[in-house]
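You will see chain A twice below: alongside chain B first, and alongside chain C after that.
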Partner chain A sequence: MKFGMKRLLCFCMVALMMVGFVGCSNAGASSKSEQTEMKVAYGKDTGVASEKGNGDMLLTIFAGERLVEVVDGEVVPSIAESWEVKDSGKTISFKIKEGLKFSDGSDLTAKEVKFKFDRNIALKNTSWTEVDRIEKIEVPDDYTINFYYKDGMDGYVVLAGFAEYGNTIVSPNSFQTPGDPTTPMVKFIGSGPWKVADYVKDQYTTFVPNENYAGDPVKLEKITVSMIKDDEARVLALQSGDVDAVVDYYHGGSAYTPRNVLSSLKEEGFQVLKQEMPMTTVLAFNYTNNEAWKNIKLRQALNYAINKDEISGLFDGWISPANDAYFSDCSPYTTALGKQSYKYDPEKAKTLLAEAGLAGFSPKMIVNSENADEVKLAELLQSMLKESGINLQLDVMDATKYAEVKKTADWDLCSYYIGGPERRIYSRNEGRFDKTAPEFGSSGCFTSDTIAAAVQKAVDPFDEKERKAGFKEFYAAIDAEAACVPLYYDAVFVVANEGVEGIEFIGSEPRFGQVTYKK
Partner chain B sequence: MDNHLKTGLVLILVLAAIVFAGPLIAPYDPFEVDMSVRLQGISLAHTMGTDQLGRDLFSRLIYATGTSVKISLVVVAASMTIGFIFGSVAAFLGGAVDEFLMRIIDVFMAFPTKIFTIAIAGVLGASAFNITLALIFTSWASYARMVRGCVLTAKQLPFIDASVALGANRHYTIVKHVLPSVFQPLSTFAFQRIAHTMMAIVGLSFIGLGVQPPTPELGAMINESKNFMTTAPHLFIFPGLLISYVVFSFNILDDSLRDYWDPRIKSELVL
Partner chain C sequence: MLKYIFRRLLYLIPVMIITSFIAYMLVYLSPSSPAQIILKARYTSEPTQEQVEDFNEEYGFDKPILVQYTTWLNKAMHGDLGKSLTDGSDVWEDFIYSFKASAKLYFSSQILALFIALPIGVYSAFKANSLFDRFSRAYSLVGISLPDFWLGMILVYIFSITLNILPSFGYTSPKNLILPMLALGLSSSFSLIRLVRTSVLEVLHLNYIRTARSKGLSEGQIMMKHALRNAMIPIVTVLGIHLTHFIGGAVAVESMFAWPGLGNFFAKAAGSQDIPVIQGFVLLSAIFFIIANLIIDIICKQLDPRIDFHNESGKNNG
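Let's look at the complex of A and B:
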């Protein structure tokens, strides 16, 4: 090799080494700089543009407000500063706060509020359960809106229903034909702390501060919510630094960070923030199609046959076992008012099965293969039930087929949930246990006249003491009839980089308004 | 018998022992859940550790290998039989029948096999039976084309003419002379396809379209291990190694059988 070539090689090697040393340098490692932007991974599209929809829950919390909110079980003011139930419960009247504006600077008055409910009625938006019960909506002045009910309103559950995600108030300018509530929503102009700056369907939504927001201004200058559908891919995006936080689906129950990676993420230095919600995953019986489930001894046997502590263990303890009340302590009217009377006792389960003449019972459980946690839960249940002499058959299928099969008679058990985000605790309990509720349909749990009467006492009274007494009766009723098997209390998780501070949960919904981020 | 063939046979014999004598070898019931020992590493009690539900990984691997290999064998045997019937009928009858059958085969071969298999398995639903059907449906055509080619070649060989000249009837000639000459290339092709089919099964199970839980299967086991790559790497290392072993064994046997039956290939390669 010529001397010149050797010199060139030596020079290159030294240069490479120097570059390497610079990479290993500690300079700047200790100082974290304040960030003005943050990237969040989320498993759903935010639905900013939608033909008939109202936007995803994250969107409505980030960029929208409702007439009222539900906090700690109580309806509290939001866009409406007060409300009044009149005409023996046939009318509810809201007084709108003055001076409110949408993020585009237009005024938010009773007329705009009415526009949103007109849209819900015109498009038969089922997320607002009162759609078919409304006789008319009137706006007597700029700051008053009256809802008239055909047969009178049910009670507190109806008032709380105005806090539904689908009742988020958006500007008439959000629609393809401004002012026409039946045309598709093409942009989301709300009155929440953030406003949508950019949106690409199924890819990302960029939020920036809404300078017209009436509350405390947000601290970051931009949050980009990236839609990453696959659960594991969201975790990988966080680990690789592509995003700064991963947020579970605001509703809970799907599109969440796999529970069994949370411990490893914590070990890797990420923050894991958990907020339990008034939602409980249960084992539901297909009693409408299978007579066997009408036998209370069978339902009780299932309740005795399942060890909920092991279920919690399956998720590394990140999820609490539903051993005590039907809902976790996070929600009002729970532990203190109703304990379950069933404790894990496989021998008792065997005895009850024999008494019911169902020894060797072989129910079929349908399982959604796209939820890895649900599959593992089903395998664990199969093993547990075997101890009590129940031969559980698993039928694992993709989400589309699962939804189809669930409507048929071809199954006995499925993993399901009761309750929901806090703003839904009234409507969701009514919807699960009262056959006359609009939501019941294919979503109902086992119920009876006693349970249905009890749930009405829980969700209807405006008086808190009466509601508490009603919940006590409701819990006792579902316990007495072993209406379902509560498995674990659901929670919403946020996993974030170490420097992210100020994420607060209101109810079970993470809020990013006061978030600061140092990186 | 050369060393390659001996090695291949030994590897396959070990595999056969795992597949067919699995229940005798497995130290635990592969379905037995024990949450008190979940996600344990390698130990004397559990030589390959335990999974998310505390099931013994070694026992599950033995059963999983059996599941994958048995499905592969069924798929290959069924595809070979169907392909053999179609291919030989087309070649013997020739003319319009040949043309018609070949166009059917062309249609089947025109689809991208993997995507077609995924589509069928997706429509039929995920199960061992459906995955077997889907794989047979998408594999038989290649056997048929290969058999047709071999039969057409064999029909023109001098010893066939000699057999006919000596007065042998058509049936005798086909059974005694033509079909045996197809056997060797067909067997080699089939051995080659076992490994290929095995990988397809593993892939389909990995994406959730194959064997369903709690039945152990290698692809499904790797899929389940995704969330434990850092905390319990044994969950994907052992199934991965086993897949490599199975594929390697069949490939070695395939290569050495081809060399054994047709030494000219090897000598041509050396030249």
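Let's look at the complex of A and C:
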């Protein structure tokens, strides 16, 4: 008994000590200290070493720059301080800023810019600059580079193409054989605010400040971007404190934080930063392979049959339903320039189907099983469309099979996207709706001569007013022909610890240059 | 024995040829093309027809399948497994890197599984139908029903989020190994407990154990000297089957903990139709499996000298 009492007393003492420790630790938590490092989880490898690629988007934004950038829909200077389109659109000439250096200290002049485009031409990496149409590239002096196009360049879309991720300017020293653009890229030497200090494929990339960066210096001393492919695992890593922030794939649409955990993360005290992008997930029709979709009544019926507010519910309300314009209000050329005519009306959908002679229509939708949200969306659409008498058949398959089946006639519907990251808004819309664009055919969005002509008016003019008028016409043409069913506006999210400050979105891309972190 | 080992090693040649050929055919027959997938990732846009044709010409995918296969086989025979189509890295070096990561995870988790399963399984067998036995059977039954990645999430929740004593992912420090090892080890131990119990129970009813008891040997001596040795044969065999965890079977756990093992290595290659990597993986895995199974056979022979390698058909085995 005496022994038992002793044990009880010991237990009580230990318990009291533990409570004391907890108390102490809570007291300490209130005083935050300035951090010099930050850890970020990301769902993709940054691709620092690559045989023929250009690195992942995050890498090219962190450590690279391009001749120009696209901000708020406008092409703005970056490595180039100005540009001029000459010879009736056959030549575009860029003036390079003087005194620029790569992160390894070597000079960044027009010669190095040419080297990058020589590589893209050699590897046939068009990257929306129409390099296949480039007749020659000349460097008349250290700070001028001229691109000559065989039959003239298309217009603003080509200028904006110089802001593409694939056109990030890297040093000739980045390659296996320095100066040989056809050899694999073995390290990434760019001119962005950060430089790569360490990289282990499929694991992590360490970025440190690039002391040769011409812009404002970054505030942190180190950012480690860890690749965690599993969406849930990235969230667990944040909750455990192993990383300080989780960033969606810079393109949007894949490798993102599951939307249905964002509310609980916010309740736990994490910051949830959202940036809508000019990218809309749509229900696309296989009209190129399937005659039925050429009937506008069928396309209109689908537009009336879908309740987009319900779709938003799939994402716990974090993703906005595409109820208004064809893109969200994140980009000046996408706001209030066009509204959809179709509001949820299952009865009208039924009537249209009957008029089209397609009552009891049973379309097949292909679904990529590797995207859980796409599967959930398809299941919701299946139940929703039943109300309008449409018996949707789902064919769920893995990503590789999906990519191949999509090129065949063996499907009717799929979810896809129009638009993209802001720097891609022009090229993506052209690629989706203009049959002559190299990328055309992948989306399944319906197009016509009217839509194709309208999209050219939206993406080609150098004059902003003309471009805006073109976008208005383009949206009206999509709407008039019910070219697709816009479902929801995509967004990029960053979830970060409470003490992280200064993450800013430029376009749809989160930047960490001015980030400070107190922990 | 040496003759047997030599004969088994000779099997390597036809097995390597057949497995690699089947793998090549499966990739070839798959509806998707490597060019489409790899170029889309490379250029972050849909490739043009010209880009696809150039790609196929550059890598020889425009040639007949048999020509492609024999070209690859010829190079493989000379030790050149080629380079990844996605990032140009050397297939052999990447395989070895992932192999080492998998080896760490597999061996540590299986040792842990044995440490858990052997004492619990043996004691359960000795105390069959006791409260302990019932509890251990229920424990292993519940455990078998848990997917390993789910177990991993629970472990992360306890040790990384709640207690904050172990990292939730990574490969840089020895601490990173603990949670994936626990997830895989515990997962394997659940089935091993049942297997150990059944094997020991079977042996305990045999005549030689009865004889040992009648000679007055203690239960400990009976267990260590007589029962466990014979009961180990099916256990070792099952551990061999668990080698699938090594070669890609632990992909969910590896993905969950960002562990750069063979599972992740193969899943990435298969997803991008990276043919040289897939082929290299299949070939090296086949070699590994044959050698590993050979080692298991040799261990079994050491455990039970009655096993006759020269009489694999089972004739005259009674």
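The rule is simple: the second predicted complex is superposed on the first by the 485 of 519 C-alpha atoms of A that agree within 3 Å, B and C clash if a C-alpha of one lies under 4 Å from a C-alpha of the other, contacts with A are read in each partner's own complex, and residues count from 1 in each chain.
In this text, contacts are C-beta pairs under 8 Å (C-beta built on N, C-alpha and C of every residue); 3 or more make two chains touch, one makes a residue touch a chain.
Keep in mind that this is a model prediction, so the values were computed, not measured.
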item	value
Clash-or-fit label for the pair chain B, chain C on chain A	fit
First (chain B), second (chain C), both or neither touched by A:Ser383	first
First (chain B), second (chain C), both or neither touched by A:Gly47	second
Which of chain B and chain C A:Pro184 touches, first, second, both or neither	second
Partner chain in contact with A:Gly241 - chain B first, chain C second, else both or neither	second
Which of chain B and chain C A:Val375 touches, first, second, both or neither	first
Touched partner set for A:Thr351, first chain B, second chain C, both or neither	neither
Touching partner for A:Glu310 - first (chain B), second (chain C), both, neither	first
Superposition-derived comparison: chain B or chain C, residues of chain A touched	C
First (chain B), second (chain C), both or neither touched by A:Ser263	first
Which superposed partner A:Ser226 touches (first chain B, second chain C, both, neither)	second
Chain B, chain C and vertex chain A (Cα centres) - angle in steps of 10°	30
Superposition-derived minimum Cα distance between chain C and chain B (Å)	5
Residues of chain A that lie at the interface with chain B and also at the interface with chain C	232, 401
Interfacial residue positions of chain A with respect to chain B in the complex	232, 258, 260-261, 263-264, 310, 313-314, 369-370, 372, 375-376, 378-380, 382-384, 394, 396-398, 401
Contact set on chain B toward chain A in their complex	31-33, 35, 38, 52-53, 122, 125-126, 208, 212-214, 224, 226-228, 230-231
List of chain A residues in touch with chain C within their complex	47, 49-54, 57, 124-128, 132, 165-166, 184, 201-204, 226-230, 232-233, 236-237, 239-242, 251, 399-401, 403-405, 431, 438-439, 441-442
Chain C to chain A touching residues, read off their complex	30-33, 36-37, 40-46, 48, 50-51, 54, 83-89, 153, 156-157, 160-161, 164, 167-172, 255-258, 260, 264, 268, 271, 273
